[in-house]
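See below for the structure under consideration.
First chain written, first letter: the chains are A, B and C, and each begins at residue 1.
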Amino acid sequence: MVTGSATRTRAILSARVLILSAGVFLMVVPFAYMFATSLKPNALVLEIPPKLIPHPATTANYTDAWTSNKFGRYFLNSLGVAIATTFFSVWLSSMMAYAFARFSFPGRRILFGLLLIGLMVPTMMLIIPQFILAKNLGMLDSLSGLVFFYTGGTLALNTFLLRSFFQDIPRELEEAMVVDGAGPWKRYLKLILPLSRPALATVGIFSFLASWDEFVWALTVINDPNKRTLPIAIELFQGEHSTSWGLVFAASSIAVVPVLLAFVIFQRQFISGLTTGALKA
Amino acid sequence: MRPFSRRLRTRRSRLTASSSSTSSTGRLERSATALRFGGRTVQSSKRKETLAAYTFLAPGFILFALVVLYPIARAFQISLYHWSIVPGTTSQYIGLGNYTHALHDPIFWRALENTGAYMVFTVPAQIVIGMTVAVLLDARMPARGLFRTLYYLPVVTSWVVVSLLFRYMFITDGGLINFVLHDKLHVIGHNIEWLSHRWSALAVISILGIWKGIGWSMVIFLAALQTVPRELKEAAAVDGAKAWARFRAVSLPAILPVIAFVTVMLVIGGFNVFISVFLITNGGPLDQTQVLLTYMYRQAFSFLDFGYGSSLSFTLTLIVFALSIAQLRLFRRPKDAA
Amino acid sequence: MRFRQTILALGLIVAVAAMAATAGARVATTQSKTTTITFWDAYSSDGPEVKRLEKVLIPQFEKEHPGIKVKDVTIPYDSLHQKLITAVAGSQLPDLVRSDIIWVPELANLGVLQPLDTTLPDFKSISSKVFAGPLATNYWKGHYYGLPLDTNTRIWVYSPLAMQAAGVSAPPKTFAQLQADSATAKGKGAYFYAESGTSCWNICPWIWSNGGSITNGTYTKATGFLNGPKAVQAVQMLVNLYKAGQMPNIVVDSNGGLGTYDGLAQKKYTSMLDGPWSFSIFASAYKNTQLAGTTVPAGPGGSVSVVGGEDIVMTKSSKNKTAAAEFMRFMLHSFAQTQMARAGQMPVLKSSTASLVKIHPYYATYLKQIATAKPRTPTPKWPQIDQVFQTQVAKAFTGDETVQQALTDAAQQIDGLLK
């Protein structure tokens, strides 16, 4: 009986891994192609038949991309803006989500509705009013201005997501703290935040990604070449008449690394922690 | 965290002990409210609650109102005018003129169709596949972290890059896809002209959307699945339920609100598709693959007709809003039952 | 918890440091007593033009004009128009812009450009030194709103090896020759002439070479001209080539097909119409393919191609108009023009032509072609007009409408836009 179920479990596990691997292959093939292209000298970018293994392979594109025109600077700019945006966005949206999830107050429905509206309007159309606003606030051509607008833009989604997670946290835990005399801030900091690590991690990753990838707004407000962010730098490799594809893909491969790192770091810390965690009260 | 629960049980027993010893109902009421709000009277604690709520809400909401709500209001105002972009010049007020113009614009209707089609192709696929992968990953297995990271990889790459990548992969002669399908696997008779026809081009754009989005919904579903208490799943297994039945009875109802959320978000995202269409076909050939946002972009930034462009984006918003309300209603009923 | 806090703290430090560093840079420049003029352009960021601009031209200018600093901002071409429009709406335009010639009437019409014929005292003298065609692209409602900076046109660019492999020994000199050669090449399995779109940039050279035109002389009416017999005949010739399978499908749909450059390199195409940049691009990206150039095949109207290029414009909102004017003069001086010529940018200065051919031999053909090249209709609504043109001509190619029908529809719509 025991051996039977053990083999069955192993069989199910192998089946899972197999299906997942097949899916992963499909996920990864375009990247393999992109990575392979980034290793080809520029002239052979579109060759027939397409080869997944570049031959000859060269890292010239990577060195060219990195040394071209302050690329390292743009990388750091994007990194700084993304980290700051993530921090502020997670903090502010978790506070708002806590208010929506746990308190009843006049105007709750309306304010939440306004949040939803913010979620549904395509941001492309807001560029002109936002640009004039940024000008009036003196936030043009500044990285901190970028953080200001990026944070504002991510608040609706993050609050929405966090609110539903907060609502799932059992009220009894919080009420116990109330009995102990804990005020809302203490409850927020000591109970809600620690228990929502996976949600906070998820929201953090989304915010980081949104900021890291954002192109149109950054292009519109940033003029000073020293303040450019990475997506602008990558776009610049596309000329009016031709595109340096090897450089574009090399630069893009470099750009993927920090977000992946953030994902790997945060995922490990928080989702694996959850299985031994508090909700087993 | 375990000490907490022990304290909770002792607190409760001590409380019930104390309340049973009170004589007047007033004191009972007061201690009950003391339990719930930690304040003195119901009224001041209500005010305290409101104040607390606003304190938590204020910083974020003010930023949100400034950066998002105010521009939305301005953009709506712009949509009611024949707007002149040069500051200081007067624009001509035309009320709903831009909106009625859209209703008579055949390209607007085609863009609406295409956007709807994209949504219909990509949203269910992302939910189903994302959920499948999340379920598969919701178990102890080797290289689980690696799998998670690899599935998430497309989400993490910029839309600009993957759009260009897919465009290159689907080139008619010499693209990777036709090469594999035609020259290697011999599944098709001759090279498909993917990007030259409306529906095949939309298929390519949809495949890109699905490929890029699976990891996003997977991550959310996985986090949700992991909050489903293991005892419930194990209890169902002990009862002899098979995997699919277990899933339907235990996990699915528990994460229904998350599914609702993901669906709403994917629909919003689907309607907001822009960069992939812009870079892969730019609405072509001959406006066959226009979606609402690419058409809006052209009106606003190529033709400088911001009033019209704005009206298109608000029409889009209205549709998305209506759809989201409908979806939330749809998902609410079974949840209340459960 | 600890780990996360450390990461967050680290991140914040990086963020603050980055912002402090850039803020510091900003403070430094505002404290100096020099005038800084900002110049927007759309050169490729890793291209030879921007390198020359930043490493040779700007230092030379700043040496000659101590007290003026030039800040060059390179913007991806595809985004430059959008950025300009947003800047107009937000009153954030720079001092100078290297603008595509087709945007100048639009910007002038918005009232954001400085009319140079009234601002520059030496305007007459400068303008006499540049080519007439490119200069005309700056004209709008009685004034000149910019000066030409660089020009280009399309000539018949081909790969001699590919052509020979297709059974044709020399490039065509006439329309009739083109048609014969196309048939020959088809027999050998190659496309003779590849065109990658149906906008005016692509098609107008043929219309003009056939003696047709888009509008009347004062640019107020298209009906009777765009759908006139000569224009229809020219477009019909191309449509016939396409229908006979002698032109690749990228003319109606450039998305999934083989691009002109790749096609030439792979010998699937023998020729295209293109500007001087194609030579530089092939020299660096397609080293195995040699290119040659000749003038566009002549029709009854001669060999007439289309004027492209960029103008340098000064904004009304500029606070440093005198300094900006100095930079403009510098860029139109023979030193700057010759330097940029080395980077593949054709100069607009008449006196530079002698030295041009020494720099790159293919310039000789371009100079010849540009002498007769025509500009596209200078009007603020050009993007819409070009959109109509492109859509209707594509309908003629796909057979959705006959050439005459398609062009008549186009002319009607364009009449409305020209009002």
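FYI, a contact is a pair of C-beta atoms (placed from the backbone, for glycine too) under 8 Å apart; a residue touches a chain by one contact, two chains touch by 3 or more.
None of these values were measured; they are calculated from a predicted model.
**Student:** Tell me, which chains sit next to both chain A and chain B?
**Tutor:** Touches both chain A and chain B: C.
**Student:** Counting contact pairs per chain pair, which pair wins?
**Tutor:** Greatest count of contact pairs is found between chains A-B.
**Student:** Name the chain whose C-alpha centroid is most distant from the C-alpha centroid of chain B.
**Tutor:** Comparing chain centres, C lies farthest from chain B.
**Student:** Nearest whole angstrom, what separates the Cα centre of chain A from the Cα centre of chain B?
**Tutor:** So the centroids are 14 Å from each other.
**Student:** When the centre of a chain is set as the mean of its C-alpha atoms, what distance in Å lies between chain B and chain C?
**Tutor:** Comparing mean C-alpha positions, chain C is 41 Å from chain B.
**Student:** Centroid of chain A to centroid of chain C, CA atoms only: how many Å?
**Tutor:** Taking the average C-alpha coordinate of chain A and of chain C, the gap between them is 38 Å.
**Student:** Where does chain A touch two or more other chains at once, residue-wise?
**Tutor:** As it turns out, chain A has residues touching two or more other chains at 46, 48, 128, 132, 235.
**Student:** Where does chain C touch two or more other chains at once, residue-wise?
**Tutor:** Chain C, residues with two or more chain partners: 82, 89-91, 262.
**Student:** Could you list the positions in chain B whose residues touch two or more of the other chains?
**Tutor:** In chain B, the residues touching two or more other chains are 85, 171, 173-175.
**Student:** Under the definition above, what is the set of chain B residues touching chain A in their complex?
**Tutor:** These residues of chain B touch chain A: 1-2, 4-5, 7-8, 11, 15, 35-38, 49-50, 52-54, 56-57, 59-61, 63-72, 74-75, 78, 85, 129, 133, 136-137, 139, 141-143, 145, 147-162, 164-166, 168-169, 171, 173-176, 179, 183, 211, 214-215, 219-220, 222-223, 226-227, 229-230, 257-258, 261, 265, 268, 271-272, 274, 293, 296-297, 300, 306, 309-310, 313-314, 316-317, 320-321, 324.
**Student:** In the complex, go through chain C and note every residue touching chain A.
**Tutor:** Within the complex, chain C contacts chain A at residues 1, 3-4, 7-8, 11-12, 14-19, 22-23, 25-26, 38, 42-47, 73-79, 82-83, 86, 89-92, 94, 261-262, 266, 275, 277-278, 281, 284-288.
**Student:** If you look only at chain C, which of its residues touch chain B in the complex?
**Tutor:** Within the complex, chain C contacts chain B at residues 81-82, 85, 88-91, 106, 110-112, 249, 252-253, 255-258, 262, 381, 383-384, 387, 391, 394-395, 398.
**Student:** For the complex, give me every residue of chain B touching chain C.
**Tutor:** 85-87, 89, 167, 170-175, 193-196, 201, 280-282, 284-287, 301-304
**Student:** In the complex, go through chain A and note every residue touching chain C.
**Tutor:** Per the touch definition, chain A meets chain C at residues 42-43, 45-46, 48, 64, 68-69, 76-77, 79-81, 83-84, 86-87, 127-128, 131-132, 134-135, 140, 142-144, 147, 194, 219-220, 223-227, 232-233, 235-242, 244, 247, 265-266, 269.
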